[in-house]
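Read from first to last, the chains carry the letters A, B, C, D and E; within each, the first residue is number 1.
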Amino acid sequence: MNWTNSLPLAVLMTSFLAAMIIFMLPESRHRLRSSINIAAACLKLVLIILLLQVVLRQDYPEVSLEVLPGLSLILRADALAMLFAGLSSVLWLFTTLYAIGYLENSPNRSRFFGYFSLCVASTMGISLAGNLFTFLIFYELLTLSTYPLVVHRGTEASLRAGRTYLIYTLGGGVVLLVGVAALYALGGDIPFGNTEQTAALVGTWPGWMALIFALLIAGLGVKAAIFPFHGWLPTAMVAPAPVSALLHAVAVVKAGAFGIVRVVYDIYGIELAWQQGLLWPLTLIASFTILYGSWRALQQVDIKKRLAFSTVSQVSYIILGISLFGPLGTIGGLVHLLHQGLMKVTLFFCAGNYAETLGIHKIHELDGVGKRMPLTSAAFTLGALGMIGLPPVAGFISKWYLGTGALEAGMDWVILVLISSSLLNAAYFLPVLQRIWFNPQQGDWPDEMITRWRDTTPLLLIPALVTATLSLLAGLFASSVLSPLSWAELITLREYLP
Amino acid sequence: MSSDLIFTFGGIGLCGLGLFGFIYHRHLLRRLIAFNLFGNGTFLILVGFAQQGQGNSDPVPQALVLTGIVVAVAATALALVLIRRWFQLKQATELPEDSQS
Amino acid sequence: MNEMIDWLLLLGLGAVAITSLMSQSIFRAVVFFILLGLLLSLVWIRLDAPDIALAEAVIGAGITGILLLDTLGQLKKTGKLTTEPSPSRARLGLALLASLTLVGLLIWAVLHQPQPAIALHQQVADALPESGVDHPITAVLLNFRSYDTLLEIGVLVLAVLVGLTLQSKDAPPDSLPGLPNPLLHACLTLLIPAMLLTAAYLLWAGADRPGGAFQAGAMLAAAFILLHLSGTRLSPRRSEFLMKAGLVMGFGVFLAVAVSTLIGGRPFLTYPDGSAGMLILLIELALTLSIGLILLSLFTVAHTPAQLPGKRRQDEQ
Amino acid sequence: MSLLEWLQGGLLISGALMFLVGSIGLVRFPDTFTRIHALTKADNLGLGLIVLGLIPASFSLSITLKLLLIWLLVMLASALSGHLVAWEARAQQVPLRQPGETENPEGTHE
Amino acid sequence: MSLMQSPMPWLLVIPLAGATLTMLLPDRWRSAASALGILSQLVAALLLSYQVIQSGPQIYAMGNWQAPLGIALRADGLAMLFILMSALVSSLCALYAQSYLKAEKRANFWPLFWFLWASLNGIWLAADTFNLYVGLELLTLAAVGLVAFAADERSLEASIRYLYAALLGSMGYLLGVALLYGAHGTLALDSLAEHWHWGPTSQVAVTLIVGGLLLKTAVFPLHTWLPPAHGGALTPVSALLSALVIKASFYMLLRFWIELDIYRHLPSLSQLLGILGAGAIFWGGWMALRQQHLKWVVAYSTVAQIGYMLLMFPLLTAGQSDASQLAYQGGILMLLAHALAKAGMFLAAGNLMICTGKPDLQALAGMSRYRPLTIFAFGLAGVSLMGLPPSGGFSAKWLLLQSSLLSGQWWWVVVLVLGSLLSAAYIFRVFAYTYRETGEEGDRFARPALSMELTALTLSVASILLGFAAMLPLQLISLPGPLMEALP
């Protein structure tokens, strides 16, 4: 049993050491750097699969280090942690491949890939955190490691975007810090899972605990791009495509949502939150953000900006699922965490391909791109359909569970929100598809890159196709034992029977 | 009023004058003289106040004042070396008005 | 009658201090400061502290006075004394406020003096026999609180060290011409031996009467400075190392004695019993020579033109 | 009061008077040289008288010798410094004032 | 073996002997002698800390005379932490100075360096008020000598301003000591605490001592001398000054504050210190934001970080003992983290200025492409200063947050929060300059010596690792000792 305890640490260390090595590498050693990157990604995937078996056997490996008197860093792999860790490691492998292809001959790659793997190390830390203090440490580390990625290009625009990104995320970080400090001041070090300690605290200080809940949600809400704090997401679009893919689909945004899941389920516990009436404001905000995000996405002209606002609304689906009191809602929320990741990463890969090979940034330039780049466009279509929630692709399943969960929790108006948001999704995705496939090509492409391959370089194409098929498979074989849905059901069954 | 107490008040007067001069003046030499006044005032208080309490001459504060005088002369000599260098470089006997607080 | 003298002295002290602070010409301020030093040594006699009176006269008024006058001479000789800008009202207000609050606080504190719990002078008197010297102040200085004196000599050495570092290596020999006055030289042949004799006497008397290393050292320094001013150059250039050794010798000897006892197993700065008096005398001898040289070089170091403004330093202009 | 005490009192008072004369001379005389004259002469004499006045009061020979030594040293010092100041004043061509012209109150040795 | 039965005096003898030797030895042997001195200093420090951990605080009577009459040295947990801290930072700064200074400058650097180290060790170990005064004077003169050592116009003006402020501060302190001696008849801190009589004399003495020490620690309204001195001095000197020298007077303030129960008698003064601290955080941060010169940004950040340490005083409330323990631990951890991070940042800033050759921030454009190692050192130190996890600064800020929440003084939470945002602002501003791409191709930056880069990196990494290993220093300072008994 003891060697498994070191697994969580090993997972964390693989990408951390990779980052250190890459930082030391001189700029010219491209081949070595790419091989280290890919090796680290595969090794991490293997470790995650190993960890998956261990977690399936019901024992959760844990390692802790006492940092301050009565306070320790805990790395603990439980079912929920594996969900997010699994998603990040899979998508990180493909994003690395994509990034190697995307940044073929651009400067500063050592710096980029160093911070890139540091960023994933902190995502792993977030998923495997055993208590709120460890979560907070890796949460702030994520901010530190993503800032250099956002300002990677070094242009005035990216520096300005970096500044807004910092203002939002550091502000959120500080609010979260105060919330966590207040919680520890009241109840000491509460590892995730023992909600009865928090129940005792709520009994004695109901007012304070409500305030702490609000602080925690606000702090996490910034990264989860909930309505008032979503401003940094569209501006961060200036960053190169793999970064926006990583930020939106995998690391930053999901970290916020994952944090909220931890707070609602592992700190407060779903019944306590429901009794205290903490959940309905969350539902309200989530629903509003869903509608607001989709509505703003409608008005966007730039492809990446539109995808950014679609993420703002999609992440709020997860939060909506969590705030619905009932197993179905929870399953819906958790599974959407995975599905949205797969689909959004595909969309960003395709957007990146369009920008890289044909220089397309605006939606109106997409006319007739289907003929020029059929495979990428096919992947894009799959992702878009999933976003709208059409059956074969994974998106449909999560929306289905969210709907049934809303009914179970007796919140009928949530169904209305789901339906109208799906309509809005259709409203901003279908015209794009229509332009890609049915409109004739107007004039030649902004700056076409002539390559030997039909569509685009394989390093750019393959990741997009793989993630597209994954999201399709997750939809089709939802009931199979390996699918994200079954994993979400397992988590809900084991952890949160209401 | 014992002579110790009288000179303790003398020391207090010197300290007050020294502090006033130290803050008021900008000429570096004048501030240095004010600093020495402040020092001598403190030494007077140190010995006068201690002996006033015990009523007889106490060797310990006197030894401290001896050390204090030597330290004061060392500090003054260092200050003078710096002032001369400053004067050689800038032909000014004051520090420029501190623009950045 | 005594009290009247005290009040008179106090008034004189106040008057001289105020004139030295507020007088228009800086030269007058320095002269009155030296006068203040002399008055202060009288005050120390009244406070029944002869050692301090000696020290104040020689170091406080003497050495500090010479240094100030010398600096003033150099300021007047090389540059036009810019008319001093009259300090602004705000500065006056702040200075007044600060000094008045300080005086008020001190008076309030002095008037409510509690009865001190520990009478250190009693303890000094009891421990005097084992201290190896009869004079309580020398005992405190070089035995009971010898660590303070060690650090204090360190401060002196440090002051002269900073002066030396700021002095440029290739400084032209001393620019101040000595006074080629025959009468001065004649008188010096009379005065210098007398001064050296009194310095030796002060050093020797330190064991059982007011006196000791500092006063003797300062007297020695006065003699050296007189020689320096009269033109007989003790130019340190020739014997660079000897001069530096002289500066550090006092501090080195003191430290060596302290460490030797440490190696002998006794706590730091403990004199082996019986030989305390002799060791203290050895230390005081070394200290006197060193203090004489240090105070001399504090005077001479200020003379040589300073290091040329540093060439662009490695990291910035 | 015995004859000795009268003698002592007279000597001390006359010594103090000589000092007074010396300082009046310092204030009244027009230029550097006359002032040096007043100071060196009057003050030394005053000090001598005071020392003579103190000798009967000091009961031991060593104290008397020390007093005389002090007087001797002060005389030597004031003679030397008087000479140096005059010598320096001459080097800087300080003008000789005619009686009646008042010196600038600033003081001579600027 | 009697020689080493207590290494305490050796911690003073080695630097003093080093100072005398390096003054006399010919120039080329001075570095070798200093290297030997540094090694023996580290050994003595480790030996003493081992003894203190094993057998509790040690009292060492100088010259075998007991406390009130003679001078005693005292080594409790807190003193040991400061000795180890100054040993680490001084040796690394010496290593940096070895390659940073030109030949003839280096010869003059060593004696001043040793006197500085001797006075620091003297202050950490002192238990006698007048002894602290002489140690403080030795420290001031050494520090002023080191600042003026750069011998150009700006550092000369800075050293004069620093000398005058420091002299006024130590004279205020001496006045306080004079009053204390008059009132209690003793100079030793322990007997002072024993016979402590809280009358008007003691109150005035305490205010004077606190005032003098605040001036020497450059607390907010009295900080004007610090930025020119730390900004203008040579890099290793400003690192030593910012990391260690201002901490000496803060350490003395803490000793008086806790051992003489001032927080119990003068709660209003502690709140005032807190307000001064808050003022320092905001003013220092605001000024750091507006500087164009790299080292001045770091110097003003020192002014701001002192504010954090001052927040400890209002939190040392007599009532709750756990809140005060947390405040004490948080303050000391903040001080340690700041010492490491600030020394690392100053050295890294020095390296950056060697690379660009110009001190202003605009010249940093494109640096992160060609000198990732230097930027990394600067960044790690910045992370610790900002108090972002996983650094030492964060754990200290965490403890202070907990203490202010527990003691119900929530307003310090607001100060801490806004302060860390402000520090993030001025540190990321410097970072933004390095990421700016100016388009000029080619590596036009000079390359500092490897040893200089490594020393900066070691210090910054140490301040980050402090976040993980915070238990060690905290256990060290909670060892029984006079300070711990006096804490509520």
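Following the convention adopted for this analysis, a residue touches a chain if its C-beta (ideal position, glycine included) is under 8 Å from a C-beta of that chain, and two chains touch if they have at least 3 such contacts.
In UniProt terms the chains read A = NADH-ubiquinone oxidoreductase chain L; B = Putative, Na(+) H(+) antiporter subunit C; D = Na(+) H(+) antiporter subunit G; E = NADH dehydrogenase (Quinone).
The structure displayed is predicted, hence computed values, not measured ones.
A.B. asks: Return the chains common to the contact lists of chain A and chain D.
C.D. replies: The shared contacts of chain A and chain D amount to nothing, since no chain touches both.
A.B. asks: Tell me, which chains sit next to both chain C and chain D?
C.D. replies: none
A.B. asks: What's the minimum number of touch steps needed to get from chain A to chain E?
C.D. replies: The distance in steps between these two chains is 1.
A.B. asks: By mean C-alpha position, what chain is farthest away from chain A?
C.D. replies: So the farthest one, by centre of C-alpha atoms, is D.
A.B. asks: Per the definition at the top, count C-beta pairs in contact and tell me whether B-E or B-C has more.
C.D. replies: Looking at B-E and B-C side by side, B-C shows more C-beta contacts.
A.B. asks: When you take the mean of every protein CA atom shown, which chain's own CA mean is nearest to it?
C.D. replies: E
A.B. asks: Hey, how far is the Cα centre of chain B from the one of chain C, in Å?
C.D. replies: 13
A.B. asks: Measuring from the mean C-alpha position of chain A to the mean C-alpha position of chain B, what distance in angstrom results?
C.D. replies: Taking the average C-alpha coordinate of chain A and of chain B, the gap between them is 68 Å.
A.B. asks: So the centre of each chain is just the mean of its C-alpha atoms; given that, what is the distance between chain C and chain E in Å?
C.D. replies: Going by mean C-alpha positions, chain C sits 31 Å from chain E.
A.B. asks: Can you pull out the residues of chain D that are in contact with at least two other chains?
C.D. replies: If we look for residues of chain D contacting two or more partner chains, we find none.
A.B. asks: Please list all residues of chain E that touch 2 or more other chains.
C.D. replies: Where chain E meets two or more other chains at a single residue, that happens at 130, 134, 137, 141, 144-145, 148, 153, 175, 179, 182-183, 185.
A.B. asks: Where in chain B do residues touch at least two different other chains?
C.D. replies: Residues 15, 22, 45, 49-50, 52-54, 60, 64, 67, 71, 74-75, 78, 82-83, 85, 89 of chain B touch two or more partner chains.
A.B. asks: Which chains are in touch, pair by pair?
C.D. replies: A-E, B-C, B-E, C-D, C-E
A.B. asks: Looking at the complex, which residues from chain B come into contact with chain C?
C.D. replies: 1, 3-10, 12-17, 19-27, 29-30, 32-34, 36-37, 40, 43-45, 47-54, 56-60, 62-67, 69-78, 80-85, 87-89, 91-94
A.B. asks: Using the touch definition up top, name the residues of chain C that touch chain D in the complex.
C.D. replies: Residues 25, 27-28, 179, 181, 183-184, 187, 190-191, 194.
A.B. asks: Name, in rising order, each residue of chain D that touches chain C in their complex.
C.D. replies: Per the stated touch rule, the residues are 73, 76, 80, 83-84, 87, 106-107, 110.
A.B. asks: Residues of chain C touching chain B in their complex?
C.D. replies: Per the stated touch rule, the residues are 2-3, 6-7, 9-10, 13-14, 17-18, 20-21, 26, 29-30, 33, 36, 40, 43-44, 46-49, 51-52, 55-56, 59-60, 63-64, 67-68, 71-72, 74-75, 78-82, 84-85, 87, 91-92, 94-96, 98-100, 102-103, 106-107, 110, 113, 115-116, 119-121, 124, 136-137, 139-141, 145, 148-149, 152, 155-156, 158-160, 162-163, 166, 212, 214, 295, 298, 301-302, 305-307, 309.
A.B. asks: Touching residues of chain E toward chain C in the complex: what are they?
C.D. replies: Residues 2-3, 9-10, 12-13, 16-17, 19-20, 23-24, 60-65, 68-71, 100-102, 104, 108, 111-112, 115, 118-119, 122, 130-131, 134-135, 137-138, 141-142, 144-145, 148-153, 175, 179, 182-186, 191, 195, 197, 199-201, 203-205, 207-208, 234-235, 350, 353-354, 358-359 of chain E touch chain C in their complex.
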